[in-house]
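Scrolling down, you'll hit the structures one after another.
Both complexes shown next keep subunit A, but they swap its partner, so subunit B is in the first and subunit C is in the second.
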Partner chain A sequence: MSLPKRILKETERLLADSPPGITAAPKDDNLRHFDVTVAGPDSSPYQGGVFKLELFLPEEYPMNPPKVRFLTKVYHPNIDKLGRICLDILKDKWSPALQIRTVLLSIQALLGAPNPDDPLANDVAQHWKDDEKDAIAEAKRWTQQYAQ
Partner chain B sequence: MSSDGEDYYYEDDYDEGSMDQDSPVSEGMSEPDIVYDVMSPTADEPAPKKPYDVSYKVRTLQEIINMQSKEVRKIQTLLEMPASTATILLRHYQWNSEKLQEQFWNDPAAALLSAGLSPPVSPSTRTGPLPPSPSLLISPRRPTRSSHNPALSPVKRSRAPQPSGPFECPVCCMEFAKEDVVKETFALGCRHRFCRGCWAEYLTGKIRSEGESSRIQCMESGCERIVREEIIDELVPAGVSKRYHNLLNMAFVADAPNLRWCPHPDCEYIIECTQAPPRMLNQLVPTVECNCGRQLCFGCGYLSSHRPVLCKIVRLWERKCADDSETANWLQANTKECSKCQSTIEKNGGCNHMTCKKCKYEFCWVCMGPWSEHGTSWYQCNRFDEKSGVNARDAQAKSRASLERYLHYFNRWANHEHSAKLDAEFYKNTEKKMEQMQNSGNLSWIEVQFAKQAVETVIKARITLKWSYCMAFYLKRNNMTELFEDNQRDLERAVENLGFALEQNIEPDSIAQLRQDITNQTAYVQKRHEILMDDTLKGYLERRWDFSVDI
Partner chain C sequence: MDLNHPLLASAVDLLPPFPSSHPQIQRLDRSLYCQICKELFSGPVSIPCGHSFCSRCIRGSLEVMKKCPSCNEPASEGSIRRNRALEEIVDSWEEARPIIHGLTSNNSRKRSIMNTGPKNAFAAESTKRPRKESTSRSVSPVKQSSDKKEEIDGDADDMIALDPYTNMAESSEDVKASCPLCDITMPIRDISRHIDLGCQPIKPRPKSQGRENLKADWKKVFSGAGLVKGKDVELKKITKPNYSLATPAELRSVLQSYNLSTFGDKPALAHRVQEWILLYNSNLDTSHPKSLGALRAKLNEAEASRRRDKEKGREEMASELKTSDGLARYAQDTKGEFERLRREIMERDKKRVGSGAEAPIEIE
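Now for the complex of A and B:
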């Protein structure tokens, strides 16, 4: 099955000129399935970590959002144990004018700006609210342990 | 003031002259065509209005559409704006035109903005394909006010500049030659241009999969500009457009507190009633009859009359029945409660020496007294009258009593429903018989109608009786309740007698007598029915009923 022009163009551009700290490349056997890495943003507990994600473009893309999931364990209030991400543009705020590139940049920004008030992982969010310092230390430990 | 808001008026890539002036829903439908008095009293029901009855009208879909255009025209004139702008504002304010006017006069710009009538933002500066838009990360870009941009003022006259060169749709990446841009692509007043194919796919997805209607926004991320009706109609296939308009009408009815769809399947009428707002539902049971011939409750949308019971009590009762009734029946038949902690216990084998799993209390299943007093007479209880055994049984009796009380009312409630169904079935047979008699004998059509009328009376009365048991369950015991139960009993007796008479074999020689008897009894049931209904419903207005739950 041939890929829509949109996906070909996006892929081409991602490979030629990826945003800083981000790589994304389609798998050989399925060009809608991307291996992604995102570097933890500076001055965040995730700094120095490299996080692996998978990204899948469903049949309806770009009318429906891509499916994205962390493969690396992350200690973050908006990312759960299974790596699922709570991000508005991946759900109701999706617009067909958004792209893989913008989605990944948003995810990187989410790492730099956790939002414990809209949690996906409740225990982590609670930790964040109760003792932010300790939660950040935990996030750093996880980054050291899993994201190298 | 309005000149301030002018900059925000709708301005899409279209020939506006025709579109903004003509409201899409108002075209051609002149009001004299509509018969508003649909609910003219029928010949056999000239009943004068009771204090507990509500007046209502049954509306057609077309009338609902006309109501919307009327509101739109009103706002259009009052606020001096194009119909499409007025429509979008009204939908945003859920057709509450007072609130809309208040907010609009307070701050026209803010009112328009919040309704998705964002001011035009600068034309998209897409030079290359798929430009990254870092400003879209996480927080969507808010359209900035650009009312002083001379290029956009006055907005009504300005045109979105057509792209000067070939155009690549940012969504599908297809390229369009310069001369095809106008034909093949489209941008709202916000200037976010996409090809028509992508627009159609996007809008269809919103309508078909997400069921959205009045809040469909521009395809650009973070752009809150609402796509207006005419545009959607033009861009999507006819089937989708039809669905879209259905959704709009559904939203209108759902937003209007004085409107309710007839809940019966395949019925497209809408009931309009201004006398039964939610706050009145603690003293009114607004039963109405749709033009489809079926009854419903305007207050809660219940599929038939639930008079004389208040909507809230019906809801409590239904929930209770859904949770409890079958379980309660089984508990009643198969279990006892632990005398100490009242846990429900099923004995499914073994001896009578029971140990409660929860509180470890040891007792005798036969006398329910503590096992410690059983001494050595194990496995054989002959101590029925010992004091502790009696106490234990008393405690148990109390918890049983509430269950039994519920079952008492539930069984009667369910029975009447069941009987009403049986009556209806039974009548089908009677009807055949009647026809035969009419054909063979010398009875006229009018002379065999009495049975039909009797069955209808019985069924109606049974439905009321059914609900009267729900009512009684929630009533506190006092003199008023006793009066209610007297009325209930009288009606029940009358109904059962009539039901019995109806089941008699109809023979040609005895029919005159039977007819007389049934006709009399029917009249009596009707009267008793009327009395129960009248007394109960007036009781709400007089605040005579004392319920065990908060209404």
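Now for the complex of A and C:
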């Protein structure tokens, strides 16, 4: 398998010393495919939840961004029901100076700071705008139900 | 998946990190790594915003997006400039790194050497490294200007001389060994250069023998004898073709002129040309350029490994579908997709025929 040295180095560091609340390990059969868990940030509706994600490094990585998707259901205006994430650095703001670690930290930060003005899940975003309290309560319910 | 995975084992860092007890050295070390490949700079270049990267890395990045990977400021390939000072720093850091690493990880030894005193600092300085004239000269003014500095420098030189790594390197000046690739015997110190050049015979480097030779060398420089004529023509950067307009024949002729394979359809040819130009042009931004043969080998190796990956994926898929278990799994995985297609077709047909029609597709 052709695996750039950079990917091996990043993997090694992720395994040896992962950021708090985040784990990432490549699958045995494909070192470009990672199983990720992210803990919901404190004082957010996702607190206490552990969210599973999958991360894939395309062949052009690091020139192109990794592909990341939530596997756990999340009630969040920037994450749709297929788990796709609306995050600038995963699209046009990607830079090869970023890495897996920074991407996962950004995703954790996104959980702590939902942005209903740039929605991916329109109904959730509308809910958030109409009645933020109720939306947050719903997000907490989802966290309890799916992310334990 | 753990750290003992065979593929990870092969990646064990050749450059050990510095201990956290020396944050200053950690910072110095970090600042010499390229933000893109996370390795020590190789052929470093700068772009207008002032950030530096390996030539190869930033050229590859600018093909995808025309901005700086660090600060997002617009940048283009034409604005790339060699950063010779940074290259010299990285080169000397690469040489010094193992020594300094040894010192940081072995504090007690360091102290004992400090106590033996910097008496013979100048002697060590003048006898060491006759070839690296420029570096020792650039250090000396600092030494004379401040006594304190001199002491520190002296210590460093002392320790360098005592280090087993350098001792070995200096005593091995005349030890011979055979190249692991082509089995030709040569002095050990020439082997890595020999391999870098694609196993070409290495001419023994002329040893500078005092003033006489120096004078002769300078004479050569002034008379222009040191210049290799015709080199300028060969060392021009390749201009990129317009990949969407270029015909396969044109791409092939580019590849042919560099003795590369002209096999494949247009996308494959364009990809090969693109990668070759990347390798070739970035090779011109370093003081340690590789031979065209080595570049060609690198290109072929990358292409072959990509092809292997692709074939492997296809084989796995095919072998999985051969077993009934795998087939069941495949059906399970793609069930949703089939369901969706079926529903879509049924709805479409319903619309066309009208509400009275029965669903024409029945799937068990």
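What we mean here is this: the second predicted complex is superposed on the first by the 148 of 148 C-alpha atoms of A that agree within 3 Å, B and C clash if a C-alpha of one lies under 4 Å from a C-alpha of the other, contacts with A are read in each partner's own complex, and residues count from 1 in each chain.
We take it that a residue touches a chain if its C-beta (ideal position, glycine included) is under 8 Å from a C-beta of that chain, and two chains touch if they have at least 3 such contacts.
Here the structure is a predicted model, which means the values were calculated and not measured.
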- Go through the superposed model and pick first if A:A109 touches only subunit B, second if only subunit C, both, or neither. first
- Message: So in the superposed three-chain picture, is A:P26 touching just subunit B, just subunit C, both, or none of them (first/second/both/neither)?
- Response: second
- Taking the superposition as given, does A:R6 touch the first partner, subunit B, the second, subunit C, both, or neither? both
- Task: In the overlay, answer first, second, both or neither for which of subunit B and subunit C A:P62 touches.
- Result: both
- Message: Tell me the contact category for A:A16 with respect to subunit B and subunit C: first, second, both or neither.
- Response: second
- Message: Contact-wise, after the overlay, does A:G83 reach subunit B, subunit C, both or neither (first, second, both, neither)?
- Response: neither
- Message: Looking at A:R101 after the superposition, I want to know if it touches subunit B, subunit C, both of them or none. Which is it: first, second, both, neither?
- Response: first
- For subunit A, which residues belong to both interfaces, subunit B and subunit C? 4-6, 8-10, 60, 62-64, 93, 95-97, 99
- Listed in rising order, subunit C residues that touch subunit A in their complex are 1-3, 5, 7-8, 10-11, 13, 35-39, 57, 60-61, 63-65, 67, 69-70, 72, 302, 305-306, 308-309, 312
- Note on the structure: Seen from subunit A, its contact residues with subunit C in the complex are 1-6, 8-12, 15-16, 25-28, 31, 59-60, 62-64, 93, 95-97, 99
- Item | Contact footprint of subunit A on subunit B as seen in their complex | 129-130, 132-134, 136-138, 140, 170-174, 192, 194, 198, 201-202, 205, 219-223
- Query: Which residues of subunit A touch subunit B in the complex?
  - Reply: 4-6, 8-10, 13, 19, 60, 62-64, 89, 93, 95-99, 101-102, 105-106, 109-110, 113
